[in-house]
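Consider the two complexes below, in which subunit A is the common component and subunit B and subunit C are the respective partners.
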Partner chain A sequence: MSDGVRSWLLPGLPLVFLVLLFGYPVAEFLSVAFTDPAGPFAPFLHLVSESVYRIVLGRTITNALFVVVVVVLLAFPLALTIAHGPRVVSRTLLFVVAVSFWTSFVVKSYTWIIVLGNRGPIVELANLLGLDSPRILFTSLAAVIGMAHILVPFAVLVLVPSLLRIDRRLLLAAHGLGASRLQIFRTVILPLSAPGLSAAALLSFVLSIGYYITPALLGTPREMMIAQLIVQQIEELLEWRLAAALSLVLLTVTVVLSTLYRKASAKAGGEA
Partner chain B sequence: MLNIRALRADQGVVYVNSWGGSWTDAERKAIFDPFTEATGIEVVPVTPVSIAKLRAQVQMNDYEWDVSNMNPIEVYQAELEDLVEPLDFDIIDRDKLASNAVVGNSLEMLTIATALVYRTDKFPNGGPQSWADFWDVERFPGPRGLYNRAFTNVAIALLADGVAPEDLYPLDLDRAFNKLDEIKDHVTVWWSQGGQSEQIIRDGEIVMGSMWNARAQSVIDGGAPVEIVWNQAEHLSTNRFVAKGTPRTKEAMQFMEFAVQPKPLAEFCDALTYGPLNPKSLDYLSPERVEVMPTRPEYVKIGFHHDPSWLAPKLTELTERYNSWLAS
Partner chain C sequence: MVGPLAILLAILAAAFLILPQLIVVPVGFSTSPSLQFPPPGYSMELMRRLFDDPGWAQAFYNSLVIGIGASILGTCLALAAGLWLYRHRKMGRRNFEALFFLPVFVPTIVSAVAYYFVFGQLGLNGSRVGLIIAHASLGLPIGLLALKPTILRLDPTLDKAAESCGASSFQIFRWVTLPALRPGILVAGLFGFLHSFDETVVAVFIAGRDAETLPKKMFESIRLETDPIIATVSSLLFGGVLAACLLYAALAGRRMQISTSP
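Our next item is the complex of A and B:
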């Protein structure tokens, strides 16, 4: 076997695998969107003319952005401690994050039903304090909490390697030159973490925009996300053209937003 | 594992679409195992029940299951799409079926009631007795739950507005959605999973709601203070049918006949308290058990039915309108 062939074989096999088993079926499914007898774009015109699809798409993006903010705010301090904290603390935290990462997201979603539910600790605490029972379960807030909980370990695992690359000597130098802890954080740690943070944010956004089971279990159909609508079109109504059109819209929105975001963060990184 | 076992069986195999969980457990004990014993044909359950999968199977001519069970509206949808194999009366013995059993190309198996249920501890002076009472938030205050299914909610809204069960069809959608507007903000949970409906009534997330009768029964049997209102309950049957074009049609038809026989059907309903649609099944059930089943004659009289031939072709339009009503 020549070296040329061999060097292609390693990346080539997984590539063939991806194209055949992922790319082809996805393309095949999406192409269903253009098979309406009333015209290839009829399903898309329908999506535009019925306001419910716009509402649900808008809500899906808003919810996903909320999730990103929560995930980044929770994951960043966690990842920072794992990367630069004392060894024992860092190991323990990493273990906890890994266990959470391995736990099924269905199990996690059901756990939130217990925690946020009428017999859960939050409602009991409120009752103890003489407050009205807060209604969190079966609202969008519950869906956002559930999704963020699932995505935090993903974000931490993306962040940690990038934070580990920060040269500790820079922190020591800043400290030696008289910078306060806040100054060190603002002027050294934060700019150097930017690539990792933007990668984590992008990953959380892309994952949460297509979430199905968690919003279905914890949220409310009054504020449903787009994946729930797609599943309903496929499973209940057999409207596969509409489902494919919706999926294509979701895919396009995701790709466009991700590209814009990448460009924006690359620009910000360049100026920093 | 199961597939390997099935391949080894001499007498063939039939793949049966099933809901999983307690449903499949009950089916295995009451229907699958006795069928295998009687015929030598192995039964392999495949979950979950999915009309989308049925269409994909027929289109691809590649069958993961041969027999399914769905409600008559879904069966009608499937018939419209030509996904149902005609019943083969050379294999199925008509004389062994109840007179009402054959519906189109499907066999009626049982009735699931989606009934109003309420927490008796929240209403010590008597709870709601009708959908009109469900709508009466002054006399019966508290958060409510509804099964998030468009045609069910549209129908109960019309009943709450005073439409008689026999006059439901054709559905007056404008009237129904106007009525639904009144209750919308009092419904805190729009449930979609059976387990979820059990949790919300058991934990008191809601004081009343719509619920499948066997799910409600399981909550009651678990000791929760819950009562089923049989008045104006939705009666929706579950029918068995064979996937169009499956290579195991013969075994599938044999299974169909067996599954609606009085004894196996009675044993299944004994486990899950849905109502057997073979009247002879009642001979195998205790009177106390029949009392919590929707096919008890007294309950049939006060329940309501849908018209699948009207509903199935309009399902997409109705669901879209319902979604946008719900989302706005």
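Our next item is the complex of A and C:
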């Protein structure tokens, strides 16, 4: 086999496969959005004019923002301790994160149906304390908790390499110059970990706006997110054009934010 | 260097990750037909029901077959793409890297619906082949990421040496390149399998009845009923992950001891 043939065959095979069996289905489905007899942009005008869609879009963004806040608050101390904490603690925490990372999405979502359910430990605890049973399951809050639970390990894996690059001598120097722990955190650790933090936050946001399984299991159709809306258009209403238009909106937002993520993670020094 | 407050917060976060998972296990061995925690009593009844139900065995079998198929196909494609992109350090080729990572930029729900739409016309819905194709495409970027470091570490002088000894280009690939890449290929294959084994969204749409995978069956069962048998399945899957991670930690720990011992 000559070098010329091989240099085409190597990238050619996977490219043809991806174009035919991934690119084509996606393009073919998305193009349905423009096939409305009332005009190519009719589905998009419909999306803008009906408040239902604006509400779902708004809820998707707010839910994702809540997810980002929870994920960052949990992942940052975890990653910091894994990167710079005592060896035994660091190893144990990393192990917990790895187990959580490899556990299936469905298993993790199902977990919260038991934990937040009306015979679960949270309700049991509330009853013991003489409180009213909290109704969390099948609300947006449950969906946010479930998505954050899935995304914390991802964020930790993004954060740890960027935190490891913080020179320990800087922390020692700040300590030697009499800075308190809070001061070290605010003036040394936080600014140096900003690129890693923004990468982790963007990743959590991008992934959670597209989630279907977790909000479908833990949330409610009354408070649906955009992925559930796409599925509803197809399965219940057979509105393929609207589903394609919604998918195009979701795809555009995802691509724009993913590009930002690649920039942020390149800045944080990690490979995207 | 990390203060006690940060460590405390980190432990609380770790508890948030792992405690809910541990709560599922006793429910999987409960005597109660509801999702009661703590359970009123323990038995193996749910486990017996799980193993007596051919539906769950079939779903597990489908997941295995599809996972292995997607892993082999995806790794071969990733290997071809990776060798072209990263070997010989031709920097111009790196500009095409993003092309092979396209599946990452498309939200899974969009890919899932797109496959459902097109595979419906092609008659691939409800077939294992359809799911293998979909999972191989979506898993290709993961395989590429796993292979990248090993391909970048390939020593070009080995090729030259083999060539000067009269080896054909196929012989060089088979006896020089491939053995050097073995660790990366194994990791790529493992990740490809795990990705497919866990993948739920595409499976929910295109697997149908005939190619139903484990995550798809779980998803549909959870939506239809509150059967605690899913807690049993969940505990088994979680136990598998826990065992694999423990094994890995033990092996990695032993290797570290060997390498640090004089």
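Please note the rule applied: the second predicted complex is superposed on the first by the 227 of 272 C-alpha atoms of A that agree within 3 Å, B and C clash if a C-alpha of one lies under 4 Å from a C-alpha of the other, contacts with A are read in each partner's own complex, and residues count from 1 in each chain.
Quick note on the criterion: a residue touches a chain if its C-beta (ideal position, glycine included) is under 8 Å from a C-beta of that chain, and two chains touch if they have at least 3 such contacts.
Predicted model only: the values in this text are computed from it and were never measured.
J.: Regarding the shared-chain residue A:Leu251, is it in contact with subunit B (first), subunit C (second), both, or neither?
T.: Only subunit C; A:Leu251 stays clear of subunit B.
J.: Is A:Val56 in contact with subunit B, with subunit C, with both, or with neither (first, second, both, neither)?
T.: Only subunit B; A:Val56 stays clear of subunit C.
J.: Looking only at contacts as defined up top, I'd like to know whether subunit B or subunit C touches more of subunit A.
T.: C
J.: Given the touch rule stated above, what does A:Ala38 touch, subunit B (first), subunit C (second), both, or neither?
T.: neither
J.: Which partner does A:Val69 reach: the first (subunit B), the second (subunit C), both, or neither?
T.: Neither subunit B nor subunit C is touched by A:Val69.
J.: Output check: A:His84 vs subunit B and subunit C. Expected answer is one of first, second, both, neither. What do you get?
T.: Once the two structures are laid over each other on A, A:His84 reaches subunit C alone.
J.: Could you tell me if A:Pro25 is touching subunit B, subunit C, both of them or neither one (first, second, both, neither)?
T.: second
J.: Quick check for you: in the superposed arrangement, does A:Ile234 touch first (subunit B), second (subunit C), both or neither?
T.: both
J.: Touch test for A:Leu164: subunit B only (first), subunit C only (second), both, or neither?
T.: neither
J.: Just to be sure I read the superposition right, which of the two partners does A:Val48 touch: subunit B = first, subunit C = second, or both, or neither?
T.: Neither partner.
J.: Please identify the positions on subunit A that touch both subunit B and subunit C, taking each partner from its own complex.
T.: The answer is residues 113, 117, 119, 216-217, 234, 240 of subunit A.
J.: In their complex, what parts of subunit C are in touch with subunit A?
T.: Those in contact with subunit A are residues 1-3, 5-7, 9-11, 13-14, 16-18, 20-21, 23-24, 27, 34-38, 77-78, 80-81, 83-85, 96, 99-100, 102-119, 133-134, 136-138, 140, 145, 148, 169-170, 194, 197-198, 200-201, 204, 215, 218-219, 222-223, 226, 230-231, 234, 237-238, 241-242, 244-245, 248-249.
J.: Contact residues on subunit A for subunit C in the complex?
T.: 1, 3, 6-7, 9-11, 13-15, 17-18, 21-26, 28-30, 32, 74-75, 77-78, 80-82, 84-86, 89, 92-93, 95-100, 102-115, 117, 119-121, 124, 149, 152-153, 168, 171-172, 175, 181, 185, 209-213, 216-217, 227, 230-231, 234, 240, 243, 247, 250-251, 254-255, 258, 271
J.: What part of subunit B is in contact with subunit A in the complex they form?
T.: Counting only subunit B, the residues touching subunit A are 50-52, 55, 77, 81, 148, 188-190, 192-193, 196, 199, 203-205, 315-316, 319-320, 323-324, 326-328.
J.: Residue numbers of subunit A touching subunit B in their complex, please.
T.: These residues of subunit A touch subunit B: 50-52, 55-56, 59, 113, 117-119, 135, 137-138, 216-217, 220-224, 229, 232, 234-240.
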